[in-house]
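Sending over a structure as structure tokens; questions will come in a sec.
So that you can tell them apart, the chains are marked A, B and C in the order they are listed, and the count of residues begins at 1 in each.
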Amino acid sequence: MLVKRSITTSRRNEFIDITSLVREAIYESALVDGVAIVFCPHTTAAITINENADPGVTADILQKLSSLVPLRDGYSHAEGNSDAHVKSSLVGASETVIIEQGTLVLGVWQSIYFCEFDGPRSRNVYIQTLAA
Amino acid sequence: MLVKRSITTSRRNEFIDITSLVREAIYESALVDGVAIVFCPHTTAAITINENADPGVTADILQKLSSLVPLRDGYSHAEGNSDAHVKSSLVGASETVIIEQGTLVLGVWQSIYFCEFDGPRSRNVYIQTLAA
Amino acid sequence: MLVKRSITTSRRNEFIDITSLVREAIYESALVDGVAIVFCPHTTAAITINENADPGVTADILQKLSSLVPLRDGYSHAEGNSDAHVKSSLVGASETVIIEQGTLVLGVWQSIYFCEFDGPRSRNVYIQTLAA
């Protein structure tokens, strides 16, 4: 079952924990065993999985991405957001997660993040569930 | 249904828009709702999703990847294409995209790209469709 | 069918070829056509696909990742392993691979790697198979 949700970001670079949103989609789908594909339909954002305990971790990831791919770097794209496009391809447009007995299977420290690289904006997330 | 297609690249580093090829595979599969896995069976190439409007965007991504992972950088691999292998793991070997009512679901600016990092060559792309 | 396996890593940064482990899971699942999702439930490790012929390739990838994301770099996360978290999001938590006629479909040079970035440790890998 395909679930479409909207989220609002509040900074140019930001990780938003969407794990509960994915859990809700799995619950709505009534799927017992399978996977969920969490897809970002934007080219200046991404989906990743990383630690949810210390907010310093996601801050460090955002900081390191911005040092590797600076806002200004002699890009040719006139809109001025090439850094966000590069980050999107480095982090990736989707994550596939496992569902077991109706439950999202993640490691104890893992959360699913929507990665905003050109906000703040209104954004969408699509979640497709597939039975095993 | 598994669809295998060949493409030809024309430069060492190049993004080739394969969205229409993926749409054809979905059409052939007659799948209504599900996903398509777009897989690159090469270790010096990758698959990504990014902007299709301004060709400056993909040029900027290729340029930034080559500045982060230069052609010559004291690599140990004797073939001289370690940069391409690193880029392949950074960008990733596949993308999973959603199919709704027989139609590929992408954001308005998104295309699916075959990323050549060690061309020009003859390359393959595999597309597996799965029903939801 | 969901298969869970444990592996042991022996260095802080290390690629471990888990292709045979994935092949065993596919065999156990008795799946004919579909995909396998190879998922890493850890936030300081990842899954990638790259060359299996010359070990210099994976050594070069590890070396380049460590030069882009050094162990010490003014990170805020107090545990001292932010480099591993960044690498995890750059490489990605999973790979999706195709199964055709009961056989894992990979390119001739491709292997599936568990990427340890904060070892040595005992780690887990989850493999979910889905029919096409």
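Note that a residue touches a chain if its C-beta (ideal position, glycine included) is under 8 Å from a C-beta of that chain, and two chains touch if they have at least 3 such contacts.
Molecules present, by chain and UniProt name: A, B, C = Secondary thiamine-phosphate synthase enzyme.
Model, not experiment: these values are computed from the prediction.
**Student:** In degrees and to the nearest 5, what turn takes the CA positions of chain A onto those of chain C?
**Tutor:** That pair's rotation angle lands at 120 degrees.
**Student:** When chain B meets its copy chain C, do both sides use mostly the same residue numbers (more than half shared) or mostly different ones?
**Tutor:** different
**Student:** On a C-alpha centroid basis, what's the spacing between chain B and chain C, in Å?
**Tutor:** 19
**Student:** For chain A, give me the residues that contact two or more of the other chains.
**Tutor:** Each of 68, 90, 92, 96, 130-131 in chain A touches at least two other chains.
**Student:** Tell me, which parts of chain A touch chain C in their complex?
**Tutor:** Residues 33-35, 48-51, 54, 56-57, 59-61, 63-65, 68, 90-92, 95-98, 100, 105-107, 109-110, 130-132 of chain A touch chain C in their complex.
**Student:** Note which residues of chain C are touching chain A in the complex, please.
**Tutor:** Touch list, chain C to chain A: 1-2, 37, 39-43, 68-69, 73, 75-79, 82, 85-86, 88-90, 92-94, 96, 124, 126, 128-131.
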